[in-house]
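Heads up, the next two complexes both have chain A, just with different partners, chain B and then chain C.
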Partner chain A sequence: MKFITIDKKDWANGIGKSRKTYKLFGPVKDKNGFLIKSLEKDIMPEMDYPDSVMSAKSIIFPQTEKMLCTTLDESQEEHHIMKRVEMDNSPRAILGIRPYDAKAIQIVNLNFDTDDFRDPYWCDALNATTLIGLGINKPGPFDFSTSTGTGPFCEEGLDILMADLDDKYLAKILTDKGKAFMDVCEFEIKADEKESQALFDILRKEAEKNIKSHIDTDKLSEKTILELHDAPFWDDVAFSCINCGTCTFVCPTCWCFDIQDETKQKSSIRFRNWDTCMSSLFTRHATGHNPRATKTQRVRQRFMHKLKYFFDKYDQGIMCVGCGRCVKSCPVNIDIREVCNIMNTYKKQD
Partner chain B sequence: MENPYIPYPVRIDDIEIATEDKSLKTFKFVFLNKEDEEKFSYQAGQFAELSIPGIGEIPIGIASSPVEKGFVKFTVFRTGVVTSHLHNMKIGDIMGIRGPLGNWYPWDKLENKNVVIIGGGFAFTTLRSSIIYMLDPANRNKFKNIDVVYGARSPGMLLYREELYEWEKRSDINMHITVDSTDDPNWKYHTGFVPQIVEQNAPKADKDTYAIICGPPIMIKFTQPSLTQLGYKEDQIIMSLENKMKCGIGMCGRCNIGKELVCKDGPVFTLEQINQTPKEY
Partner chain C sequence: MNTCINKIRELALELLDKKEVEKVIGFANGTIPLATSPIAITSKQDIEKLVFNSTCGLNLANYLRDQKGKIAVIAKGCDTRNIVTHIVENQIKRDQLFIIGVPCNGMIDQFKIAALFNDEIIEFSEDGDTLNIKSSLKEEKLYKKDYLRENCKVCMHKNPVIYDVLAMDLVEEQTLDNPYPDVDKIEAMDSDKKWQHFQDLTKNCIRCYACKNACPLCYCPTCFVDESSPQWVGKGQNKTDVNTFHYLRAFHCAGRCTDCGACVQACPMDINVRDFTRKLNKDSFEMFGWEAGLDITKRPPLDAYSPDDPDDFIK
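== the complex of A and B ==
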């Protein structure tokens, strides 16, 4: 059983059944646009959402996350000894995640799940999560995901990929996790495998045709890190930047974080927050010395990390899935597509 | 799954004021759980996160040596929130240590080689660890000549003074201690900046000689030309870098120089490696 048909009339009922086992997340309208949020009680995901302002990253890597706790009360046993904060790692499912956002989670996973260290907060959360993607029939004008190794119907990182066929969904089950979710929903009308795959292929081709914006990354590997780092265009690229950091927060592949301690009376929590390489505090030493003190250095860091350092380090493409959120959200119209093309075509002058 | 963010609990066993201006103190820690000491098995050149619940964490080079058992030592300069708090803590207080972190000086590669150690100011901590390690009777014959150039602003600002003066008397290590200036008429050692003392006293390069440098960025910057003048090649100059860090395990993203992370791929790099990365340290 690989493909399942879900009549939209049955959708709410099936999703309702899944709530017994899963905590659900999905797109809901917020005052500033759509966000992927917890679907409390009877809230249904708005599956035909145009695009979410933020990605689904925060469901696995929350913007603020408690890590460790202890008591500073010296009369207590084990005072000042830090322990992991209990977390809810019961099964959760993200409904309607964009395929490029699922690919982004795979990219971030390279940072948090390594041979040397595993980040238990990320790994446990990801392990608990089932990703139910929805193919994008009508990609938006900022979408350039086909040139970043993903696309509107990419299956990478997903447990289920669904296609919206007006009155029904066609669901392709990709993993055991995906099958388990479908079972709990009691969605079980099988669809013909060959026909369904053919339909997916048509939808994918149609959608990909509608993506008008592209980047080229084929020549990034020909240049050394220093050639690109020392290239003369960075001041121009960074000229209008106000270092607001929006690009890094909306980015589904940005993973940098800060760790802080907070104490209330005698109880102390160590937590992490998303951080941004656009902030001068990000790299400022306690002595005041700052290796990336200027905004040009910080803007360069962001693009070099995404388009060169990551590329060279992992040999798995660039650290960008082409969702276009940073392009859309940037208050001064800095466009990663343009910067990528500048970097890709750059030739060092002798 | 091992949680790399949980520090080993330790007790402050001793605190020593390390410099005359009291800006540096050496903290001796003892692990609350004996088995943690074994887990914290380290090499000279590595660092750890000193972790004070409610305040925060700081990455500090390990000043004790792998051959010293039963405790770990860190010499800490008072400069930010965490270090200032640490300076006000007292013997017996409980805190945490996370590590050991990062790579170390390439001890395998340094076997049967002459080693020149160059340090300045308070960046002598992992170098102390290294010297104690090399001078240990079990290790000394693994290395050929050992030269040490160490400088500070004034005699009272030199770290581990008693040990320095002891080493000075030994025949199996050549000490070149220097201060920027002093009004002490009985000062027996060099006067002058580290780069200049290196140029005058460090052995000339040959294929079997390696230099390890640790110091403030400015000292490193000016010492490189001295070593180049003595004939050292880029892969014979080994440096330990510092950058702002949080996680210490290569995840939080701030300490990178190019694609290398100082916390995980470093802090020890050869000049050859560093010359291929942006100098963002």
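== the complex of A and C ==
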């Protein structure tokens, strides 16, 4: 492990050098706030940003992604045989990713990279990506990441964690990928390891103290799935829901997708799109039967998946990193913090 | 406007107490500043949860379908126009509703206010025409009139058009020489510019469908975007598909849209969805003298035949 000091005056120059090797992504101001976007040409990431509206997951798991293609032209030898679409998996780096978004990528990875199945699209994209996080000195009011096993200076999933020290960044290199990125940027002013770590610890504690929003998850494991599933509060939780996909699309840990085929003349493409359990189409069978026909069932599914099914299945905490994006973006202000606390404190009446 | 809440609570309490309604649908305080959330109150103990302020911008007509028994609803001018539309389109019966009308002085534009701050807003309160807004970095006192939503600025039906009781005195309606300056601006563009305008408008659309789901008009059991045989529109982020969704949805609202602004308020990406619907509202007004949701006895113009139709081909 090693620490590097980067004078902010050298930042743009070093990042410029990395462009020869890496395709860069980072926070950019857009009309409704910040978005993590491709940093074309000379665009620099705006590192000092309040959280982005959408998370960084789309850089590895795009909302629409081509998977397979074929030709329908029967004069061609391999017609109707689906083949993987060639992807650009050259090295890419996400600059200034929030630590909880990197943790979220680890959570999504549990689904896409398992002993039994390996989603090649996700895995290849993730392999190609270097995650350069920036610790959050001043967490916003929606941040409850310390309650979800991450936090403003969490290192999990990151290749580099940087700390903003006004006129410079202090970068902690966490992986070989991180080191490789620093090398091409030619950031090489070493910082004392012990002092730097002590500084990181102070910054982390300060930042964590500033997080005022908390949830309790300690009692979720004591309850059975059916107890929570059959609890009487779901109709009230769901009443205001309009069943849009906002919460699931802004969520850094929602991984569900739908597969579609499209043909144009003789070419055919199979691609996937983010799907949302809020939509009735998500579970509608070909017969017309829908096991989650009502909005209450769908709202319950989302919270049960995040806060109970995932929790029980993986034993790695809840499927929420506490970014607060869904709280902020929900058109009707359904707040996962409230729902989590309702679930956590729920006691079945005999 | 925030003073009418006592009257709203008093009326709601009486209705529940006398068992005249099963529930009262209104707004409750949100968990974050500048947010309120639709709520159904069924018990007297919960009456205090009801609030009414300048952030109640969603349209509660959207919550009235498929409810059992008699329901009371807190309704602004635009909400009542959508209730009229619902009644005309047989989505709900007039006698199932007890409408608590709230004359409205306009709702505020959260995006416009958020844009004044470099960090998150942590406190919001309003005092008459003054909005007090605080973030960790600064505090602002704003004049509400300057931060009204665009649809509220041009609203000419602030007062409920149908109600059983009013929660406060009627307010003065504004008359505008030109209620559609925004449409005029787009109409004046040449076709390339117009095309670019609408391309840019939907650039960040994530197809969450918050706009259509917040819209009281979008009650089709299966929206055309969800149909699979035939599949009318692709489901991905292809620009043509994204725009097709917006165009067709807008056309389906032609002559029915009340310009309540719920679509714009619901959009997490700050897309001015009204740029699609407003032109159709203007056309409805100019061609048919029609504004949606004002008359319980009249069907919307695209749903009715009249010998005065401006088009010849139909005669």
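Keep this in mind: the second predicted complex is superposed on the first by the 349 of 350 C-alpha atoms of A that agree within 3 Å, B and C clash if a C-alpha of one lies under 4 Å from a C-alpha of the other, contacts with A are read in each partner's own complex, and residues count from 1 in each chain.
Everything that follows uses one rule, which is that a contact is a pair of C-beta atoms (placed from the backbone, for glycine too) under 8 Å apart; a residue touches a chain by one contact, two chains touch by 3 or more.
Keep in mind the model is a prediction, meaning the values are calculated, not measured.
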Superposition on chain A - do chain B and chain C clash or fit: fit
Touched partner set for A:123, first chain B, second chain C, both or neither: first
Partner chain(s) touched by A:181 [first = chain B, second = chain C, both, neither]: neither
Of chain B and chain C, the chain that contacts the larger number of chain A residues: B
Chain B versus chain C as contact partner of A:305, first or second or both or neither: first
First (chain B), second (chain C), both or neither touched by A:50: second
Chain A as apex of chain B and chain C, Cα-centre angle in degrees (nearest 10): 90
Chain B versus chain C as contact partner of A:270, first or second or both or neither: first
Touching partner for A:258 - first (chain B), second (chain C), both, neither: both
Contacts of A:22 with chain B and chain C, given as first, second, both or neither: neither
Overlay on shared chain A, then closest C-alpha pair between chain B and chain C (Å): 6
Common ground on chain A, meaning residues reached by chain C in one complex and by chain B in the other: 258, 260, 262
Touch list for chain A against partner chain C, complex: 30-33, 35, 50, 53-54, 62-64, 138, 140-142, 239-240, 242-246, 249-250, 258, 260, 262, 271, 273, 276, 279-281, 327-329, 331-335, 337-338
Of all residues in chain A, those that touch chain B in their complex: 67-68, 70, 72, 79-84, 111-112, 114, 116-120, 123-124, 224-226, 229-230, 255-263, 268, 270, 272, 275, 277, 282-287, 289, 291-292, 297, 301, 304-305, 308-310, 312-313
Interfacial residue positions of chain B with respect to chain A in the complex: 1-7, 9, 32, 51-58, 79-81, 83, 93-96, 217, 242-244, 246-247, 249-259, 264, 276-281
Chain A partner contacts - residues on chain C that touch it in the complex: 30-32, 35-40, 58, 62-63, 111, 114, 118-120, 122, 136, 204, 206-210, 213-214, 226, 234-238, 265-270
